[in-house]
Amino acid sequence: MATDLRDLAASLREFAAERDWDRFHSPKNLAMALTVEAAELVEHFQWRRDDEALPAADLEHVEQEIADVLIYLVRLADRLDVDLIAAVERKMAVNARRFPLASSDGIAESE
Amino acid sequence: MATDLRDLAASLREFAAERDWDRFHSPKNLAMALTVEAAELVEHFQWRRDDEALPAADLEHVEQEIADVLIYLVRLADRLDVDLIAAVERKMAVNARRFPLASSDGIAESE
Amino acid sequence: MATDLRDLAASLREFAAERDWDRFHSPKNLAMALTVEAAELVEHFQWRRDDEALPAADLEHVEQEIADVLIYLVRLADRLDVDLIAAVERKMAVNARRFPLASSDGIAESE
Amino acid sequence: MATDLRDLAASLREFAAERDWDRFHSPKNLAMALTVEAAELVEHFQWRRDDEALPAADLEHVEQEIADVLIYLVRLADRLDVDLIAAVERKMAVNARRFPLASSDGIAESE
C-alpha cells in the first residue's frame, strides 16, 4: 500500500490505467474534480460556528473527503509531471520570506 | 525539510504556531482556504479545451497552487487529528470495491 | 441597460457574440468560471470570524465578485435554455415543503 | 411569487426569518454555501467533453443547482445591502471598457 506520495501517485496511476480512465483524467477534469471534493469537504462546516466541533459522523465523512482531495491532487500532479514534495518545499520557502517572524530573538527563545 | 506528509504536517504546525496563526486556522477556515486555492488552480484551465497543454507560465503557477492546496489539506488534517495516509488507504480500498475490474484475468496478466 | 434577468441574459449574449466568445462559453467552462468567481467571493471571508464586518474596501470587491457570479450564472442558464426565474420558483416551492413552519398558526399571526 | 430580483430577495428574507435562520445566514456562511452549490453544479460536467450535451436527468439537476446558486447569491447580497442589479450594471460597464470591440464598424454591420 501507498506509504508516501510517490508510491501513492504510482498506485493511482495504475488504478486509473487498469480502468481505462486516462481519457477522462485530463488535467482540466482532474482540477475540476478536485474543486468538487473540496466543496464536499467544506459543506460539513458551512452552517457551524468557527469554534464548533464536528459531530463524529461528520468527522468520518470529512476524513473521506480529505482523502478524495489528496487523491485527485496527487493524480493531477502526476499527469502534469509536477513533483508534489518539491513544489511544497519551494512554496514553504516563499512563505518563510513572505511572513518573516517579527523578532527572531523572541522566537528563538520560545522555540 | 519535509520529505513525507508527517514531517510536512509538523513543519506547518510549527510555522503557524510561530506566527500565532492558530486562532485563524480553525478547521472551518482552513477548509474554506482550501476551496479558494483549488479554485485558483482550476482557473488556469477554465477557458481551455480538454486536450490543450498549459503554457509554461501557467504550469509554474499551477505548481504553486497545487502546493497551496496540499499545504492547507495537511494543515486541516493535522487540526482534525486525521491521519492523511491512513484515510487515503481506506478510501482506495473503498474505490477498489466500488470500481472492480471488468475481467480480473486480463488485468492479472497485465499486472 | 439590463433591468431584469431576461434583459441581462440578452445583454450578455450580445456581448459574448460581438467578441466571438461562444467558442469558449461552453456550459462546462461557464460552470467552471462560476466556481472560480464564487471562490474569489468567499476569499474575502476566509480568515474572519462569523460576526466580523467586512472592511469597506473588501465590501467593494465583494460587490464585484457577486456581480461576476450573477453574470456567469445568467450566461450559463442562457446557454442551457434554463429559465432562471422559473427554476428558482420551482426550487422555492420544494424548499417550502422541505422546511415547513413548525406551527403555521404562530407564523400566520406574526406575518 | 418572485418575478424579479428585488421580489426574490424579499421572499427569501421572509422565508429565512420565519425559520429563524438568520443566526446561520452570516455573509461568511452564505458565501460558503454558494461555493458548495456552485460545485454541485460543476460536478455534472466534470468528466464530460466540452462539447458533450448533458443527459436530460443531469440537466434537471443542473437547473436545481442553478436555482440554489441564485438563491444564496440573492440572500448574500441582501444581507450585505448590495444592490445586485446595480452591481451587475457597474461590472458590465467595466467589462465593456476592458474588452473593447476590435472594430466598431464591422460589428455595427454584423449586428
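By letter and in written order, the chains are A, B, C and D; residue numbering begins at 1 in each of them.
Everything that follows uses one rule, which is that a contact is a pair of C-beta atoms (placed from the backbone, for glycine too) under 8 Å apart; a residue touches a chain by one contact, two chains touch by 3 or more.
Since the model is a prediction, treat every value here as computed from it, not as a measurement.
Set side by side, A-C and B-C show the greater C-beta contact count at B-C. Matched by residue number, over half of the contacts between the chains of A-B recur in the interface of C-D, chosen from A-D, B-D or C-D. Note: centroid distance chain B to chain C, computed from Cα atoms, is 28 Å. Averaged C-alpha coordinates put the centre of chain C at 1 Å from the centre of chain D.
Counting partner chains per residue, chain D shows two or more touched chains at residues 29, 32, 35, 38-39, 42, 45, 50. Listing the residues of chain D that touch chain B in their complex gives 32, 35, 39, 49-50. Taken together, the chain B residues at the contact with chain C in this complex read 24, 29, 32-33, 35-36, 38-40, 42-43, 45-47.
Residues of chain D that touch chain C in their complex: 1-5, 8, 11-12, 14-15, 18-19, 26-29, 31-32, 34-35, 38-39, 41-42, 44-45, 48, 50-52, 54, 59, 62-64, 66-71, 73, 76-77, 80, 82, 84-85, 87-92, 94-96, 99, 101, 107, 111.
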